[in-house]
Amino acid sequence: MLLFSSFLHAHIIDVGPKKSIKSIKKAIYLAKIGDTIIVHKGTYKEGNIIIDKKVVFIGKDFPILDGQKKYEVLSVKADSVVVDGFKVIRSGHATLEDPCGIKVYNKKNVIIQNNILDDNFFGIYIQNGRNCLIKNNTIIAYGKEEQEIGNGIHCWKSDNLQIIANKISGHRDGIYFEFVTNSVIWRNISSKNIRYGLHFMFSNDDAYITNVFKNNGAGVSVMFTKNVKMFNNYFEENWGDSAYGLFLKEISDSQIIGNKFSRNTSGIHMEGTNRILIEKNVFQANGWAMKIQASCMDNEIVNNNFIANTFDMGTNGSLVLNKFNTNYWDKYEGYDLNKDGVGDVPYHPLSLFAVLVEKNPAAMLLFRSFMITLLDKSEKVLPSITPDNFVDNSPLMHSLPL
Amino acid sequence: MIEIKNIYKNFGKLEVLNNINLRFQKGECIALIGPNGCGKTTLIKTILGMVIPTKGDILLDQKSILKEFKYRENIGYMPQIGRYPDYMTVGQIIEMIKNIRNSNQVLDEDLIKAFELEKIVDKQMRTLSGGTTQKVSATLAFLFDPEVLILDEPTAGLDPLASEILKEKIIKEKEKGKLILITSHLLSELDDLITQIIYMQDGAVHFHQTIADLLQATNEQKISKAIAKILKNKRNEQNH
Amino acid sequence: MNRIIKIIFLDILKNKIIVAYTLILAVLSWSSFGLEDNSAKGLLTILNIILFTVPLVSILFATIYLYNSSEFIELLLSQPIKRKKIWLSLFLGLSLSMVLAFFVGAGIPLLINAPDSVGLMMLIIGSLITLVFVALAFLSSILTRDKAKGIGIAIMAWLYFALLFDGLVLFLLFQLSDYPIEKAMIIVTGFSPIDLARIQILLHLDVSAMMGYTGAIFKDFFGTSVGLLISFLLLCTWIIVPFLISLVKFRNKDL
């Protein structure tokens, strides 16, 4: 009833070069709780704009809020604020204070949508937020080095966030999650960021679904977390020394299902990862489809397609405590006499050469030479160096329709 | 016409030609004979430029032929064993050599007719017998009406009829005033052809005489006998 | 000269071994492209053809052909033609027909199934490798008059470049693994035309893997246009130098 009545009494305040109110700060000062402020086209250089009341803050034709490289542009310091339709540019560039395009301070139910953020230090920063929605924003920066730029969407110590359909590029990390729980990251495109497309730490019980992570400096990193659901994402063209489609470190009880990893130096790199289900993913044209370090246990890799990868597997040890089952490996050369679609001889996805390269990276120079092919073939027949329980006992004859 | 001056040739340590000096004139038909490995073929090949002499010079019409190639337009050569690209037909081979020579001169096609090569013009070279191949080789040697003819064992492998045809052709060319060089072991074959004889042994010229001089000196009717006599005399001299 | 090239070229095209070589290449290429829905396996098959079959057939066929044509060469020598011209014509005739065989056998399926930079690169590299090994055949056949010995040299040369050289490199890599030898290895590859070819194709075929680890060092060198140019120049050197040596020897050879 209170909400309803406040809605009825809401006013609209217009701000613009040709309106009676020319300053956003003044409009906020004049506004009452529940009012709508409409900012018309124009460039507003008002330093740090603080929204400390519950208002609906709307930009018409993308009015420009310019931080002049000195200020944090927009600070949200009230619950249930809506920020919609602004072009936020040139926030200050300091390292101690982390100035942002838009920052939410310890509030809940904030909606930030349909904004363009261009050349800010941090793009959107949610500090200790709850039930916030960040949707349809385009966030661009032009960072050259990690130290000179902040993250696109930075979320810290928050709960119940929804990050939906944003486009982020040119920041340090596209999306950054630290101590964020029960949140969803859905339909975002994070590309050409300097470090990670998505950086994820100490953030339990989250899901990220149908995002595209492409051509980021080091791919996607998910660390020190439990219960993450990673569904239907695209990990593409994350190239370079220590670049990964998906880097997992100290992850447990999570699911990686229906993703596509293509043209990464490593598709998935796993360290200290336990009880993970990796199912129905496509690994295509990666340098290494998966690198499973010896510290990983009880992971299940089932029903995936491994196609045209340089190496299907890589590892640094000889201990294998993970299960491989009913995957399709295009390098499989076995036969299927009873025609049940499952190969009659097991497949060893770890090639001798992959082991050699792990020990001596310069050996990569010899890859695909006739001698290496010979060595690999003989190792397949008589495994002596590669661990013999690194094996898929029921490899599929045909690729799965994924 | 051809002048061979102080020619030496070593194959490694082996001395194959040892200070050869010879002169050949137009209208002569010279037999080059000697045991196997005496250097006959090597000598011929130095004239053709296939073997490069270690020392010495060869002049054709007073011009050195070393490192030259044009002079071969004036030479027709019939090798001991002619080998040709397997899959070419007789017609193509003849056509090819014509093409390579690329000359506009009138061709001497006597032997094509005499050997009836028209009949096998579409046969591939690999299907031909040794004798037929020799017919092709002979035809090619005479085809461009060259001033010098060098024939390496021309009648070996030819049937008597073909052999006879070839001999007649040689005589005819000789009478036209050409220089003809023939190597052969079969001395009897050469009786009615040759005007001079060169006997080579161990890479050196043993003797070089006209047939008339040879027969007179040895008092024989047949060349083969005359040579046998000379060789016998020489051996006797060495033994004493 | 063109006339002689044409003669040799046509002669070789009618040769059963060349026809068989073309057919085998075609069967291998088409079947490996046809079996899989992705072109990667077909490309790998063609890579192996380029690294293995092409050098072997090129060097062996050219060596044997040269020995078998010794009488034909003599015939040509008795004609008014320069020696240099004969040898060059033989080289061009043989090269042209071997490259054509490779193009028809492997190049056409390559261009149809992988009409991108990888396919084009493999086509160019395959042709260059053909030329390199034809040139090496000229060298090995001029080194000795003995046909059996000559063929032996050719096979040894092939074995060395296809297998032994890489074995040596692997041995060195592990012996010297404590030292930063990656850059030195780049130079070492220049000593084997097959390795040069392989790495150039690898940079296109396994680009993801080559971007990681030391691959990046190789990529930084071979992947740049300067590196590409140097690779091609080195491959051309591998064609020109053996052939020139054989040409000098042929000019002074007694037949």
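Per-chain numbering from 1; labels A, B and C assigned in written order.
Note that in this section a contact is a pair of C-beta atoms (placed from the backbone, for glycine too) under 8 Å apart; a residue touches a chain by one contact, two chains touch by 3 or more.
Quantities reported herein were computed from a predicted structural model and do not represent experimental measurements.
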Core chain by centroid distance, with centroids computed from Cα atoms only: C
Chain located farthest away, centre of subunit B as origin (C-alpha): A
Averaged-CA centre spacing for the pair subunit C and subunit A, given as whole angstrom: 46
Centre distance in Å when subunit A and subunit B are each reduced to the mean of their C-alpha atoms: 88
Gap in Å, rounded to a whole number, between the CA centres of subunit C and subunit B: 42
Junction residues of subunit A - those touching two or more other chains: none
Subunit C to subunit B touching residues, read off their complex: 3-4, 7-8, 11, 14-15, 68-72, 74-83, 252-255
Complex interface listing, subunit B residues touching subunit C: 9, 11, 45, 48-52, 69-73, 75, 77, 79, 81-88, 96-97, 99-102
In the complex, subunit A residues that touch subunit C: 239-243, 263-266, 285-288, 307-311, 330, 357, 359-374, 399
In the complex, subunit C residues that touch subunit A: 36-38, 40-41, 44, 47-48, 51-52, 162-163, 166-167, 169-170, 173-174, 177, 181-182, 185, 189, 194-195, 198-199, 201-202, 205-216, 218
